[in-house]
Every structure is written in C-alpha cells, then in structure tokens.
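In what comes next, chain A is part of two complexes: it sits with chain B in the first one and with chain C in the second one.
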Partner chain A sequence: MSDTTQTLPKAGKTLSGGRIDLLIAALLLAMAIAAPFVIESRYMMGQLILGLFWASVAVQWNLLFGYAGVFSLGQMAVFAVGGYATAMLAYYLDLNIFLAIAAGAVIATVFSALVGLACLRLQGVYVALLTYAIAQVIYLLIVTDTNCFEMVGTTCRQFTGGATGFARFGDFGMRAILKGDWIKGNYAIVLGCFVLSMLVSWIILHGPMGLAFKALRDNQAYAVARGINRFHTQLLVFGLSAFFTGMTGGLYATHFQAIGPGIFSISSLLFILAIAVVGGVGTFWGPVVGTIVLMVADELMREVGSFRSIGLGLIIAFAVVALPRGLVGRFSDIFHKHKS
Partner chain B sequence: MINRRSLLRNSLASGAGLSLLAGMNASTANAADAEPIPIGAALPMSGTAAADGIEFKNGLDLAIEEINAVGGILGRPLELHIEDTAEMGADVVSQAMQRLIDRYGTPVIVNGYNYGTNMVEMDVAADSDVIFIHYNTLISHNNKFKEDPDRYYGSFQGDPPEYYYGPGLLSYLNGLIDSGQWEPANRKIALVASSVEYSIVIANAVREFADQYGWEISLYETVQFPTNQWGPTLAKIRQDEPAVIAVTHFLPQDLAAFMTQFIPQPTNSLVYMQYGPSLPAFKEIGGESVKGVVYSTVVGCLPDDFSEGFRTAYREKFGPTAAYLTGSQTYDGLWKWALSAAIAGGAGEPYDGDQARAVSASMNRLIYRGVNGICRFDPEGQSAYTFPAQTPDASLGMPHQFLQHQDLTQDPVLVAPPAYAKGSFILPPWMS
Partner chain C sequence: MDILIAIITTGLTNGALYALATIGLSLVWGSMGMLNMAHGALLALGGYAVFSVATTLGLPVWLAVLAAAGAGALAGVILYICVVRSLIRTAGKNFETSVMIATVGISISLQNALLQVYGGQPLKQPFGVSGAFRIGDSVVPWLNVVIILVSVVVMLGLALLISRTRMGRAIRATAQNREAALLMGVAVERTYLQVLALSGAVAGICGVLVSSVTQLSPTLGADPMLKAFIMCVVAGLGNLPGAVAAAFGLAMIEAGVQFGMGARWGFPVLLMLVIAILIWRPNGLFGRAQIRRM
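Showing the complex of A and B:
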C-alpha cells in the first residue's frame, strides 16, 4: 500500500503511498489522542494500552518476517528480555524506571543481535526452530532457578525471580501525579513510544535499508549479487526490531508492575503471529489492523463464554484460508483492481 | 431452588451466618424488590485450571442462593458476574477484574486462584477501592500487603499462604515417626517442584526447614508446568531411594500420571503431594495406583458434621462428582464478606473508599467459622491464620489438613491434625 503511487477513486487525485500512510497515521493518531478524553472506563483504557503493546510487538515481528523474510519465533523472548532487564535494573540497582526501560531496550538489542548471529547460516523453518529453542532455554533457565539469592521477608528470592518473577520494582509515577487518572498518563507514555516505533519502522522501510531487507527476502542470491551484505543486513534487522520490542517489554513490565515467566508462553507468541496474519504480513499497517480486529472481536465475544476461543480461532483460520495477504493486503488488492 | 425453610433446616454449616444475616435483614425491604449488589469473580473458566474455575463458580452460586434466600445484604440480593481468566497471567487477570468493576460496578471481587499474576490484582482493588478476596495461597500476598497496608487495605487472602506447607509437612512427618505409625528407612526427602510460584515456594520452604526438623534433601528436581512425563524424575529418585517423595506440583492429572508411572517400580518411600489429590480427577485418572498417597491442604471443606449440610447441598446442586473441596473456598469467602458488609452497613460501591474501609475493618474483626474451618485474618499480612503452624489454638486458625487416599470408593481420610482427624495414617500398599 505504501510502495506505489495510488489513486483515490472518489477524489480523483493521485496520492503517493507515503501520503496515504501519512493520512492513515494522522487519522489513527487523532483517534488515539482523543481516546482518553472520551473514554471514562479504566478497563477500556487498559485494553487500549494492551493493544498498543501487542501491536508494537507485531509491527517489529512484521519487520523481521514480513519485510526481511526472517521467520523468527523468538519475538516474545526478546520482549521478555526487555521486560526482565527493566525490572532487574530497577529492582537491584534502583535505576530510574525510564532509564531502566531504555537500558532494557539496549540489552534486548544485544541479545537479539547474538541470536541473529547464531541464525546467520540458517534459513526458513530452521531459523524458527532455533529462535524458539533459544526462547525455551531462557524460559527454563528462569523457572528452574531455585537458588536463594536474597531473603524477602520470610521467603527467598532467586536472582532471575524464578517462577515468581518480579513485581513492585517501580512505575511511571503517574499515580502520584494524576491520582485516579493515572492510567491516562500511562497510556500517553505507551502511545508516545508506539508512535516512535512506528515512525522509525516507516523511515527504515522507506530507506535503502528497507529495500535491502525486501531484496534479501524476495531473492537472496540476486540481492547478494547486487552487493547487499547479508551478514550486516540480517544482524541489523534483528537488532532494530529488538530495540523497540525490548522497549515495549519494559513498558509492559512497568505498566503492570510485574513480569514473570508466563510471558514466554506459546499462547502469547501465537497471538502476536495471529495479529500479523489477520492484518497482513509484509504490510505496514497490517499489524495495527490485526490488533484492532482481534481485540475488538475478543471483546465482543466475551459474553459467549467458552465459544470465545473458538470464535477467535475461526477468525484466524478464515484469514489464513481466505485472506493470505491479510486484511490490509486484501484491501490493497481491491483498491488496485478498482483503480485499474 | 432453595427456600428459607429448607435452607435453615439443611445447612448446618452456614447456620450461624444465616441466622446472623437473617436477623440483620429482618427490618429491611424484600430482597427481590431491591437493586441487586453485583458480585465479581475473575476465574479460570477455560484453560488448564478450568476444572477448578467451575468449582469456584459453583461455590459462589451456592453462597449467593443461600444469602439471597435470607434477604441478601440488608435487603439487597446478590448477583454474580464472571470474567474468564483462561490461562491467567498479570495482564489478563488485572484486566478481567477492571472489567468487572467498570462494567458491573462490583464492590467486591471473590476469586479462586489465578497464577502468574505477581499479585497485581491487589493494585486493581486498591486503585478502585473494592474488596478483593482470593485463594491464590501465596506468601507474596503477605509481602505485598506489608509494603503498604494502607493502600492494600481491601485485599484479603482467604486461606493461609503456601509457605506454611513447608514446616507443616515436616512437622507431620515427625509426628508420624514419633507416634510409631511409620519407620522411615532414612531421613531423605526427594523434592519435586514444578515451575510455578506456588510449587517452588512450598519446595523452598521444605528445603529451608528440613535441617531444623532433622531431614536431608537428597534431590531437588524442577519440572515444567504442566507435565505428565515423569520418567527422568523417577529415574533420579530410584537411584537414591528417599524416605519421602514430596511432589509440590499441583495439577491432578499430572500427579495421577506420576503415580501410574511410579507404581510399576516403586521405591520404599512415602509419597506426599500437593492439592491435586483432593480433586476427583486425581482418583479417576490414577485409579488403584493412587491408593496410599498422602496430601495436604491449608484450605478445604472439613469432613465434619458442621459442613455436612454444605457438602450435601453442593452435591445435590452440582452433581455427585462435584469437588466441594474447591467450591468451599469461594463459598466461605463470599459468606464472610456478606456478613462483614451487613455489619458495616452495606456493600458500598467502587471508588467509595470510606465504605470499603468499613467493610474491610469488619472483615478483620469477624472470626468466621466456615466449612473450611476458622477464617481469622492475620493483621500482618491479611491472610487467614493457619493452625497449628501459626497458632496453637484450633479455634483461631484454619486447619492445615493432611489426608490420605485409603479406600477409593470413599472420600480421602483426614488423618491430621488430631483435633479434626477422622482416621489414622495407614502404610501405602507399595511400602514394606
């Protein structure tokens, strides 16, 4: 949608992909900014924040898989590393929470780059297997850490938090400033970081780096023959996607004031993949649309009890069968067909 | 449908509460005409803990039916609203609770357990000034409460923390030896924990106190949660036979699988397990292999005359295989809150801090004898006191019950503490 010059049929004017993106971004941003002024429910604000977290992780995974063609299943591990690093730095070193989040993002980047190095000689499903295996190893190292690192009251705490994880290591400070409206303050911080991650992703994708990602995805041999360094490019995409994923992990941990090994669960990872699949893998707005669709559908199906999971499963199955390029891809196809 | 007469006749367990509540309701309007009080519950109705989630809901349904039959709370009937927490976790559970508060205006949320939450539920309750009662059975509740008692005034753990399973088990084992009921081959314990907070904290507490009670931990094995592949763990146990195998993992189907894989080549060890054997699925899946297993729980319906009415009513309403041991938790929790709210002059509503604090104070003052025993809150951590590890007075703490599967056609036998015991420990069939 953002790579070609397109015509809006009704207006009859030609708009570049960049301008359409700008238009969509302005519309979504206006809605996002207006949300805290029109939504009174703390629950709904919480859902919006949760949506921003999942959208952010899905956007970064989309960068990795949708644009660079690296099928990584270690995305939630990177997210967890960011969250854990933030929590541990704030807990053990009493670091300011915003500095801890930034440091957590850097640590996640280093971690992801190392994973990227390990994956350099692999392709396709083997990358998926290795990245998933690494995520599971970290999970097991954490949950099997039972050695007492320090005593907290009458119980011992493991260095990694063990099966318990970390809690009460700090927050955004919004409760002290905004009292009952603290969640709106948290929302503003999370939204700001999400906008930043989208902006950086857009800039990368529309620059030479983005073209290199896509070239390697579409025809690796040809791309290498044209002078694209696979080693540097793959390392770069692992690192770039990890910075914002790790930052989101830190924001998640701080917002909920808790992070535990449950975040490594396969269900969280599958939800992120489902978001990208429903919205459209390899499309800029796909993860955002996927998040909106799945979260709204989940909300609407809350009243149907056990059919909720079945309903979500059907939506994902439908998207895989009927919308191989996701909702955004489908919309884009219709748009182009109508134009021609 | 329960009417007032049949209720008063049959339910010995809640008799005192019923009379008290009925008395307080005497001067108020008919419950059916008044605006209902919404009661919230964030329960795992789907996913791995769904069996327990359903029982937690059953306990609430029964309590609500009984409370409404005597006029609700000061003339207002109760109405239950459930949010499914599925696979649980901090984000899911806190959002589920917030939804109950925002959508239904619940002044109280009575959960069973949700794991992986790091007790973030307490923040939701504190931010919204609602009363929150749960059965997570975690010492982290107490630790968090201690950090800021004024903020977490409304959060109550209806049972004692898991930490007390540690000294409780060791004390029970020594009691068996001292009374001549069992002669262990050695003083070794093999600890098998799964990778969740509840299980790890119990295993660590056993390890922490083992030396003090004259025991040695010969194996400390952590397995994935959930798991049913026990081969590697059993191989390690068989290499160095311990006197006791203590499995602190708690899912009934996994524990039953442990026994079916243990029995073909057993060791001369007493097998102790956590919580899961109290559920019907353990016996159904494990069959004959579970005979002789000892387990304990710091919360569960007592097999005494006092709770007979509850047990009968529960199985009549929810079927003969319904696990009243689980449903009894939320049942007692809601009853204690209902009485406290009536004493405090009403349930209040979210963001009404004054009334919520009045109800909280009332809950702390009220020593309630429920079907699980005594619920009296420890002011240091706002969890129920445990007997005998925390208080030597059986009338002031919830009994830490030790039970054994002896006759599979009957319910497990309560073998300790002596004040409540209905039978004696017998040597399991695989032990010489």
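Showing the complex of A and C:
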C-alpha cells in the first residue's frame, strides 16, 4: 500500500535520481581516493579495507533481498566459497592469485546458482532456512574434516584446511612494489573491485532486469502473469550477486593471506544483516551508509570492549523497529517531503 | 541389540529435547507468522535461571525450574512489548523478515548479556538425576528417562491448554484467521502476548533440560534452536503435532547415522535430508500450500 505511493513519484524522476546517484558516487569516490593520502596509520587503512569488504558483501546481499526479495542467509557461505576456492587454487595448483580470484568468483557463481535452483519453489522464511542449512552443512563438513590430505612438515593438512583453514598462499604482490606502503596498494585493488561491482549493480538495477527483480519482489503472481520468467530472473540474481560476493571473498582471503571456517560464523552474517538494515534495505546507497555508520559505531564501542556485541545486537533490533527503511530510506522520505 | 537400545535411548532423549524446542518455535510461528530467532537465547536464559535460583540462592530445584519457566515467559513478554508490537503495526508485509532480523539482534544482546553476568566458563547445572538402570547389557541413565517424562508432561500440558481453555481457543482462532478473530471480539494483541509468554516458558524449561545433558554456556540454545528450525520446516511451519513427530523421527535418524557412520555425519546428513525434503515438498511434509492473495 505505502509501497506504491513511494515508488510512483520516483519512477517519474529517474533522471534526477540518476543524477543524485552520480553526485553521491563522485563524492564518495573522491573521499575514498583521498583517504590513503591523508591517512598515515596502517590500522586505519586496514579498517578501511575491511569496511570495503563488508560494504561489498552487504551491497550484494541487498541486491538479493532488497531488490529481488530473496531472503538468503547463505551470503557468507558464498563469500567463503569464493575465498576458499581462491586459496585452494593458489595453494594446491600454484595458480596466479588474480586468476585464482577470478576463478573463485566463477565457482561461487555456480555454487550460488545451484542454491538458487534449490530455492526456486520456496517462499520467504523457507528460503532463509534452506540457505542457512546449506551454509551449516559446508561449515560442519569443513570443521570436522580430519582426513589427512598431505603432510606439511610433521603436521597433517586436510584437503579443506580443516579447522585451521589456509594461510600464506600468495598475496597481491604489493609488498614487492610498494614496500612499506603495501597496504595502500591492497586498498587500491580492493577499492577498484568495489567500484566495479557497484557500477555493474547500478547498471543492472536500472535496466529491465532490475525492474523484473522488483516486480517479482512486490507481487510475484502478477509479475509472472505479465511475462516475467521467474526461473531465469531468480537464477540470474543469485548468480550475479554471488559473482561479486565470491570475488570479494577471494580478495578478502588474499588481503589477509588467510581463510578459515570462522568466516561462516553467525556473527559475520549478522554484521552484514545489520549493515543492510541500518543503512536501508532496498536502497542503493543503504549498505554503504550502513557500513560507515556501523564501522564507526564498532570503533567507538571498542572502548567498552565486551559490551560491543550487546550494543551491536541492540542497534540491529532498534534499527528494525525505528527505521523500517533504514537511514537512507528515512533521509529520502524527508527529502521528498520537503520537495513536494 | 545393545546398539539398538543405545540408538533408541539417544534418539528418544534428543527427540524429546528437540520436540520441546520445536513446539515453542512452532507455536509462535503458527499463530503470529513470526520466526523467533531469539528462541535459542531464551533456552540459555532458562538454563542460567535454574543455576541462579538453585545454586546461588540455594532454593529447591523444582522451584528453580519454575523460575526458569517464569524467566522465559517474562523475556517473551518483554520481547513482545519492546519489539514485536510495534513491528506488527509498522512493518506490514515485511513483518516476516523484519521480525526475524530484529529477534536476531535481541538474541545476540541476550547471549552476550548472559556472558557478561555469568562469565564464559561452562557451569555445572544443578538440575540432574544420577544413576542408571540396565536393559540387558546396556545402560540407560535415569536422567534420560526424566528428560523424556518432563518434556512429555510439558507437551501434554500445552496441548490441553490449547485445546481446552478459553485462551487456547483464542490462540487457535487467531492462528486460523487474524481478521476474523478480531471481528469476533478476540483481543488479538493480548493473544500474541500470551503466545510469546507461553513459548518463552516452554523455552525456559527446555533450556533446563538441554543444559542438564551438556553444560551451561550462553550459546547452549544455538544447536537445539537450529535443529528446532529444521523440525519445524520439515513438518511445515506452525504444525504442532507434525513438529513433534518430525522431532522424534529426525532425532532417531540422527542417532542412527551417528552410530552407523560416526558422529561427524549426524547433523550434515540431517541437513541434507531436510534440503531434499524442502525441494520435494516446499511447504514441509505435513504443510499445506499457502494461497496468497494478490
């Protein structure tokens, strides 16, 4: 009911909406490019890179849930598949790390498309539970893997890395080029990939495919009756969001030079959810804003140490109750009210 | 033969625990369309309530179990007043997912609050029965029998409450059709409050039983809750008798797989079974297809 009144005026002003997006993008990009020249501390640069990882995954999750209405709890599993594939290809086959990341993204896409196939007949919460179950199966099988695949020195290494995961399988090669400033090189690579993923997402969302996603989200039966192929659309959105999520996973593994089963933990999934919810589900800039707000809040709460998780949980609950469309949704409501 | 008895004992005990966790979850889902992700945290709350009342205050254990049920119910009431009530009013068709995310947040906070109060080291639970009896050559602990009995009693009590009392009739009416119940004069908001309190109380007792088998830790509810989700989904969300049947059935399968293929495979096999069931029957084994209006 309220949805139609909110989307209708927007549809008439796509041009100005596009201009606003361009303005925000330019502003954010300028800040992001300026950051490494202003910030000296390596810790801060590390946090910025981490923020880009979170934002990237949240943007892709938002594509799935906010635009296509698929409530998936398997997002971190897709991320982990990308990371693990990258690490394993580089570790076992000595593949060039950039090739490995690309291959990881493709593997994550295939994996996610299969999950999407399994979810095709399900609705709402059932999708959430199925994706969560799949993520848990993978996690449990990795953690409980004790069969020796090869011996490294005196310790036994499992094919999946077991409970410890993989480490030291290669890096971006920035240490060799930039020496002490290697983290800035990593930042440039991660930022470049993030911008690419945002660009592709924007183009798709503003094309016919994006309209199909939204139509299926808003009223599935009606959308199908108007000739939207649910099978193709859902597989496409699963695959698309997985490609960039998997790529981010690969970048994450390479940046930290480690990947382990901890990445499946519910807390990292929750952080993604929190980012999207606080920023605004179904808004393009929501996940970016959410990442900035939550990273800053997280940094401030570092002072109180152990109360951090309590605070994070309360922020999530509060945001859902008080800001149904997130910070960005709230801002755009105020903005539109002033205009009219 | 010994293995068979061991499988049946484990299967029945776990089945009873899962069933108890599942009906709390399924009750809330069936009547409110709300998936309570904080259910596991309520289980932990119940376990710690018993510890506080019995071990710290030194009161008798039966009183402590009641206190656990009370703490769970109170948490349910608070959850309703602070979160669910306003979400029902504002979220509209996004209620299903909004409430899921919000309760996830509550769950993290509650678990970490327990961690702050009681510390991270696992604590010993005061509720327990020692000793065992023998069937042939195999040993069956009395604790398992007590767990099965307590859960059956709680489930029977809940079934009576829902089928025989005025409150139960209001709950069933609301579950069947919220608008119609509202028009017939059912105070739907009060019914929701009662449902969450009931579910919280059952979760509290379930937490006591779960922690008597393992130990007390803030995350003790996570595993039973995950399994409870699975049972709910297999049965079709909101179907109480189906949920109980699924809980016992799947617990038996899990125990069988654990004895047959090793403990590692128990849960993954269960999950893969569930994935297969969901693909085959998208609304669960006993669930009916929902007809959604445009």
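Worth a mention:
Basically, the second predicted complex is superposed on the first by the 325 of 340 C-alpha atoms of A that agree within 3 Å, B and C clash if a C-alpha of one lies under 4 Å from a C-alpha of the other, contacts with A are read in each partner's own complex, and residues count from 1 in each chain.
Assume a contact is a pair of C-beta atoms (placed from the backbone, for glycine too) under 8 Å apart; a residue touches a chain by one contact, two chains touch by 3 or more.
The structure presented is a predicted model; accordingly, all values stated were derived computationally and were not measured.
Looking at the shared chain after the overlay, A:F71 reaches chain C, while chain B stays out of its contact range. Of the two partner chains placed by the overlay, chain B and chain C both lie in contact with A:T144. When the two complexes are overlaid on their common chain A, residue A:A163 makes contact with chain B while staying clear of chain C. When the shared chain is aligned, chain B comes close enough to touch A:V152, but chain C does not.
Of the two partner chains, neither chain B nor chain C is touched by A:V38. Shared interface residues of chain A, touching chain B in one complex and chain C in the other, are 140, 144, 267, 306, 309. Residues of chain A touching chain B in their complex: 41-44, 46-47, 50, 140, 143-144, 146, 148, 152-156, 162-168, 175, 180, 182, 252, 256-263, 265, 267, 302, 305-306, 308-309.
Residues 45-46, 83-84, 86-91, 94-95, 98-99, 101-103, 116-120, 123, 127-128, 139-140, 142-144, 146-147, 163, 193, 195-197, 199-201, 203-205, 208, 220, 222, 224-225, 351 of chain B are the ones touching chain A in the complex.
Partner chain A is touched in their complex by these residues of chain C: 35, 82-83, 86-87, 90-92, 94, 96-113, 115-116, 222, 226, 229-230, 233, 237, 264, 267-268, 271-272, 274-275, 278-279, 282-283, 290, 292, 294. Touching chain C in their complex are the following residues of chain A: 1-2, 65, 71, 118, 121-126, 128-130, 132-134, 136-137, 140-141, 144, 219, 221-222, 266-267, 270, 273-274, 277, 306-307, 309-310, 312-318, 320-321, 324.
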